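Multiple structures follow.
Look for subunit A in each of the two complexes below; its partner is subunit B in the first and subunit C in the second.
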Partner chain A sequence: MTDFDVIVVGAGPAGAAAALEAARAGRSVCLLERGPYPGSKNMYGGVVYGRVLDSLIPNWWEEAPIQRWVTRRSTMLMTGDQAVTVDYRCSSWGEAPYNGATAFRPEFDAWLASKAEAAGAVLICSTTATGLLRDGTRVVGVRTDRPDGDLTAQVVICCDGVNSFLAKEAGLYPPSDPANYTLGVKETILLPREVIDERFAVRGDHGVDIEILGCTGEVPGGGFLYTNAESLAVGLVLSLPKLAACGRRPEEILAELKAHSAIAPLIEGGQVKEYSAHVIPEAGYKMMPELIGDGILVAGDAAAMCLAAGIWLEGVNFAIGSGAAAGQAAARAVQRRDTSSAGLQDYRRRLDSNFVMSDHRKLREAPHLVMSDLAQQQLPRIACGVMEQLFTVTNPDPKPGLRKIIRGQMKLNNLKLRDAISQGMKALRTFG
Partner chain B sequence: MNSADLNPAGINLVACVKWAELRPEIDPLHGSVEASQRSSGFSSSDFAAVESALRLAQAWSDQGQVCVVTVLCAGPEDAEDSLRDFFAVGATRVVRVDLAEQRSSAQVAELLASALVPSQLNAQFVICGDVSSDRGSGSVPAYLAHHLGMQQALGLIGLESTDPGSLHATRRLDGGRRERLLLTAAAVISVEGSVATLRRSSLAATLAAKQKTVELRKQQIDWPTEVNRLRPWRPRARVLAPPAGDDALSRILELTGAQSGSTAARTLRLDPEQAAEAVLEQLAAWGYLDDSPPA
Partner chain C sequence: MSTDSYPEISFETRMSSVEFRVHERAHITVDSKICADCSTRGCITACPANLFVSTADGGILFNYELCFECGTCYMVCNEEGAISWSYPEGGHGVVFHSS
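Right, the complex of A and B next:
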């Protein structure tokens, strides 16, 4: 007899979704959270895409604690003093059922966890799972940092975030390769709501998501700027080994982004409220661990479910999708009294049949492409150089042809046509 | 609390805590304070009060006394999840007196005292944190002692149990000195946060506490409508002519009057009325009452 049918470790989006689904299926569920409340240990700057919530919480948008609905999506290619921006605006994204939103994760995670509690899950905060309990090779529970802190269950779902110690202890992770990880750093900058509305040309609860390429100098990575209700999230994602090798501090590189002529006017006069940093499982599909073991499942960032595919940067929806699938599979396995690795294979089937694994499998080369020299260095310089030449009036000289400008910029940036076509084909195969 | 709550044969210890904003967000423009459940909680000294009560109860229980530890909280409904944690660490009962808005220390004490009066709870020791986190003045324990008619020992930095019903307390004095007190029931004491760290509850107790019920008391107190506090009249600053002098030093000397003759100190032994007259006379002589308010 175990204490619970299912223990979920970590009350982030993956853990809350897993606990919610398992509890709804009638299983006894314990949701462990190391922070004093769900989301308290979180560091996040991004957009929450809520379509995955439609089946979990109907009309979720009526109650979810969001900051702004994203109705502008900009992609910016940047050099030291230039920027080219592709800006897309969609007013229907600002109406139900919406598309994506900025949110404060302490609020969002607590809200989602409250749904799991309402479904019957028992949430225990300020409690860290320090290890696994085993019966032979089979996981039968977790050890916590509380006195007499052993807790048994038929299935343990690890949603303990990137660098999951439990999944590693279970032997589900291969040895870590730092190249698979990036470091995310972020500043939250306070600005009055009306100033944000004016600077970003939005109204009401509409907001903007700006993704930036070419802003990280010699370190491969990218930048972002999101609007919250009364603050901005400005940050960088930086290749971990390259950052270590270059010897620069991430805050230095972030300061350069903030001082760029395309960004500085947007954040001018703001008050820095917080600075935070977090490791991101950047490599996605290629770094995923074994997702299933005897009595154990892995979901969310713990399973490297973060999608960092350049034009698509998503995490919370993949966490919720994988967590929900884990919760459903665990509940089914408990009902069938087979929580062995074979009995839990339903988890893999559910992931394969929905967007979580389909997108990751399809875009498995995308993180590598995005971190390549072409995307990081040459593309931003060529794009900005072409624009500068295109729009600089050089009378009395006649206007140069577009083809000549592009070829000149490619030559200037050491990009051969053959390599450009080759990389373009790769990109088409990946994103196409 | 009713008479059934009494523990007549043993010792009742009550730890008083207050749900307070720990990290308030203050609007820089209009100064409004935004509170949220997640940034609210109990101060370290409140936790020390609960732990002290539990330690005393344990010590006296080991000597054969029946001890009951009650945690009494002034706070809103938001506090209940956190209050259940006190069951997990060993509190016998947890009672919340509904307090949904900011009140003065005197009013908080009155509210707590209304749930503590001897007819309702026979508390031998009421243990409080020395200050709450929301700009606490540390005066709630003193008000409590006044309302309950108990002796008081406040701002303690150490507590040791002796015989059941009595304890040694240590209080900080000026100049690094310490005062040792022998306290017997009934007393209100307040402890600093450094006195004790609240113990960590076991997992089983934490789970069991989820099912416990925090008792609610809605005390009816008709507080008078508060008016904005009137400050005592202060004379306006005098306008002085710019000091004359060729250099900065001489101008500063003239401005401060550092080398001019000063009024010699006088000691007067007068009746209160005469003393008031003398003070006014001296103030007028110094020129402070030129713009005194109309009578």
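Right, the complex of A and C next:
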């Protein structure tokens, strides 16, 4: 007899969804969280896409603690003193059933975990899982840092985040390569609601998400700026090995973004409310661990299910999708009295049949493409250079013509037509 | 654009915006003798909390108290065994509110 049917380690979105689904299926579930409350260790680059919640929590938007519904999604290509922005605005995203929302993770994650509790899961906070309990190769529970804190279960679901020491201890991860990871840093900046509404041209609970390329200097990465109800969040994502080698600290690169002429007027006068940092599993499909072992499943960031695909930057939805699948598969395996690796294969089947694995498999080349020199250095410079030449009126000289401008900018930035075509085809294959 | 009109905050002010519930046990320890042989020292540049400092004798001084528990330091570390990394005791360490 085990203490619980299922132990879920980590009460972020993956863990809360896993606990919710396993508890709903009638299993006894323990949801462990090392922070004082769910979400207290979590930060992100800003948008929760809620469609995955529709089947888990009907009309979730009526109760989820969100900051603003994103009705403007901008992509900005930037150089030191220029910026080109593609700005999409859509009022239907501001109405039910909505698309994306900004939210504070300590609020959102705690809300989702409360749903698991309401379904019968036992949430235990301020408790760190320090290791696995094993019987041979089989995982039979976790050690915790509480006195007499060993807990046994038929299945342990590791939702313990990007560092996942539990999945590593279980031997499910190959040796980690820092090139697969990025560092995210973020400032939450207080501004009055009316000032945000004016500066970003939104009203009510509508908000903006701006994703930025070309703002990280020699370090591959990207930036973001989005609106909360009464604050902004501005931050960077930076390649770990390149950051470590560049000699410039993350907050220095962030200060440059904040001082950029396209960003500074948006954040002017704001007061930093909180600084935060977190590591991101950037490489997606290619860095995923084994997801299933005897008595153990891995989901969310612990399974590298963050989608860092340039035009799509998502993570919370993949955490919820994978966590829910893990909870369902674990409950079924317990019911069928086979929680071996073979008995837990239902998890993989569920992931393969929904967006979690199909998106990751389809976009497996995207993270590499987004971090390439072409996307990071040449594309922002060429885009800005073309715009500058296109809209600078040079009378009395006649206009040069678009083809000449593009050719000239490509040459200036050492991009050969042949390479542009081959990279363009690769991008089409990846994103198409 | 000049950055003068948007003064950047000091690192101390930046870190004072973050809540840390510090436990008496250091959850990360650094073996400065091993660091003395390291020429890359990526931790000094990359640690978002700026917790790694070069010492005059060629080692590394590290303080665990204001740590984001992100994992950057052990991932960029080149020297086997230099950094021993674990999570703080439950309920301790960084506590985010508006992230």
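In this section, the second predicted complex is superposed on the first by the 432 of 432 C-alpha atoms of A that agree within 3 Å, B and C clash if a C-alpha of one lies under 4 Å from a C-alpha of the other, contacts with A are read in each partner's own complex, and residues count from 1 in each chain.
Assume contacts are C-beta pairs under 8 Å (C-beta built on N, C-alpha and C of every residue); 3 or more make two chains touch, one makes a residue touch a chain.
This structure is a prediction, so every number in the text was calculated from the model and none was measured.
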I'd like to know which partner A:144 touches here: subunit B for first, subunit C for second, both or neither. both
Determine, under the contact definition given at the top, whether A:106 touches first (subunit B), second (subunit C), both, or neither. both
Output check: A:62 vs subunit B and subunit C. Expected answer is one of first, second, both, neither. What do you get? neither
Using the superposition described at the top, determine whether subunit B or subunit C touches more residues of subunit A. C
In the overlaid three-chain picture, which partner chain does A:122 touch, first (subunit B) or second (subunit C), both, or neither? first
Is A:246 touching the first partner subunit B, the second partner subunit C, both, or neither of them? second
Tell me which partner A:397 touches in the superposition: subunit B (first), subunit C (second), both or neither. neither
Under the stated touch criterion, which partner chain does A:40 make contact with: subunit B (first), subunit C (second), both, or neither? both
Is A:163 in contact with subunit B, with subunit C, with both, or with neither (first, second, both, neither)? second
Intersection of subunit A residues contacting subunit B with those contacting subunit C? 36, 40, 106, 127, 144, 146
Using the touch rule from the top, collect the residues of subunit A that touch subunit C in their complex. 34-36, 39-44, 81, 104-106, 125-128, 130, 144-146, 162-163, 165, 176, 178, 181, 183, 185-188, 228, 231, 240-241, 243-251, 255, 258-261, 264, 267-268, 272-279
Give the list of subunit A residues in touch with subunit B in this complex. 30, 36-37, 40, 106, 110, 122, 124, 127, 144, 146-151
Can you name the residues of subunit C that touch subunit A in the complex? 1, 3, 5-6, 8-9, 11, 13-15, 17-18, 21, 40, 42-43, 45-46, 48-50, 68-72, 75-76, 86-91, 93-99
What residues on subunit B touch subunit A, complex-wise? 38, 200-204, 206-207, 210
